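Questions regarding the structure given below will be posed in turn.
In this document, chain identifiers A, B, C, D, E and F correspond to the written order of the chains, with residue numbering beginning at 1 in each.
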Amino acid sequence: MASWLPTLKTDTPEEGYDLAVKMARVAVKLTQPDAEMRDKLRPEYASDADALIAVSQVVATHFATVAAANDYWRKG
Amino acid sequence: MASWLPTLKTDTPEEGYDLAVKMARVAVKLTQPDAEMRDKLRPEYASDADALIAVSQVVATHFATVAAANDYWRKG
Amino acid sequence: MASWLPTLKTDTPEEGYDLAVKMARVAVKLTQPDAEMRDKLRPEYASDADALIAVSQVVATHFATVAAANDYWRKG
Amino acid sequence: MASWLPTLKTDTPEEGYDLAVKMARVAVKLTQPDAEMRDKLRPEYASDADALIAVSQVVATHFATVAAANDYWRKG
Amino acid sequence: MASWLPTLKTDTPEEGYDLAVKMARVAVKLTQPDAEMRDKLRPEYASDADALIAVSQVVATHFATVAAANDYWRKG
Amino acid sequence: MASWLPTLKTDTPEEGYDLAVKMARVAVKLTQPDAEMRDKLRPEYASDADALIAVSQVVATHFATVAAANDYWRKG
């Protein structure tokens, strides 16, 4: 099976951001492996401002890591 | 389509801060892609002190990354 | 118009701390641009221990960035 | 007894992520050593979106550390 | 008037920790300058586990900065 | 009196993690010095999933600092 996280390298900051979003989601999957339960929770937090901001915070933390791993995409 | 995040480089700290604000918002968009729903949530959290502070926290986290990417704009 | 954040450089750690406080507040302003509404929210969160601690957390995050930008004011 | 954390080195980012998940859980164990109590709490937070996002935040923080320890797996 | 934060340098990690505690408190003071109000809030949050943990988080963030400023007190 | 934090150096990552747990607890002690009150709060938060996760977050933040201080225990 292919790894869902083979590398932290991405070509662009935007792809790095998308990877950070993915990384934020996987921890939820690993803590709540039941896909049906997650599908039930999703509309709840997607319509809750506090939860959306909290997700954004997790993304920000992962993005910091991904950005460092890519040396901030300085060499364009 | 142009990338919304082509680079982390900005000319000034203030532009870096604005970019951090934008980065905080995009995660919300990606988690709640329905613009109408977001428009509905916005006045709610914009009048809630806790939510405003939480947004400010996300901005602070992204700003740390943007600032590092710009070597803190040391070379003025 | 002068920039509110022309530089992350400050002469002393205390000025760096004051800048971090300012940086924490600006994100709130950008998210809730209505000054009247902010004036209404302020007494609320200023008398709420949880909100005060949350503000302190945002300040801590920005201070880390400002301190790094100033190389921790090592050269006194 | 073998250490549960002999090293921060992992072969791949994915293994580093799994380690971060483990590190997030151990603090809970050390604070609530009663396994029965933890078993009781688990279904509660696993069906609570806010708690799942908070777990994801802890994982993100540990992953940042593990990634730095592995120099971001740059030498593949 | 003497600065409350003349330097981030401390002789020992423990003094650095004490400084981090102080730094966490000053943001509260700057946001709620009314000492009487703060005195009223203090017993509230000091008997609230969530608030105590949140304070501990702010301290952890400031300690990271102070520790870096002291190069982790490596040269003892 | 011996310092509770004479150094950030530990022999192993696991000892570093234990130190991070200790560091998370001391801030609580300094904010709520009354041992009896803390003893009263402990069972409360130890049976509250949100509080346990919040503690885990503080530990993660301190662990990042301790790990950096030990250069991630790279030289085994």
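In this text, a residue touches a chain if its C-beta (ideal position, glycine included) is under 8 Å from a C-beta of that chain, and two chains touch if they have at least 3 such contacts.
Going by UniProt, the chains are A, B, C, D, E, F = Peroxidase.
In this text, all values refer to a predicted model and were calculated from it rather than measured experimentally.
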| item | value |
| --- | --- |
| Contacts common to chain B (Peroxidase) and chain E (Peroxidase) (chain labels) | C |
| Euclidean distance of C-alpha centroids - chain D (Peroxidase) vs chain E (Peroxidase), Å | 27 |
| Computed distance of Cα centres, chain D (Peroxidase) from chain C (Peroxidase), in Å | 31 |
| Averaged-CA centre spacing for the pair chain E (Peroxidase) and chain C (Peroxidase), given as whole angstrom | 15 |
| Interface hub residues of chain D (Peroxidase), defined as touching at least two other chains | 24, 45, 50, 54-55, 57, 61, 64, 68 |
| Graph class of chain-chain contacts, one of line, ring, star, complete, other | ring |
| Order of the ring members, counted from chain A (Peroxidase) so that chain D (Peroxidase) is second | A, D, F, E, C, B |
| Residues of chain B (Peroxidase) that touch chain A (Peroxidase) when the two form their complex | 3-9, 23-28, 30-32, 37, 41, 44-45, 48, 50-51, 54-55, 57-58, 61-62, 64-65, 68-69 |
| Residues of chain A (Peroxidase) touching chain B (Peroxidase) in the complex | 12-14, 17, 21, 24, 45-47, 49-50, 52-57, 59-61, 63-64, 67-68, 72-74, 76 |
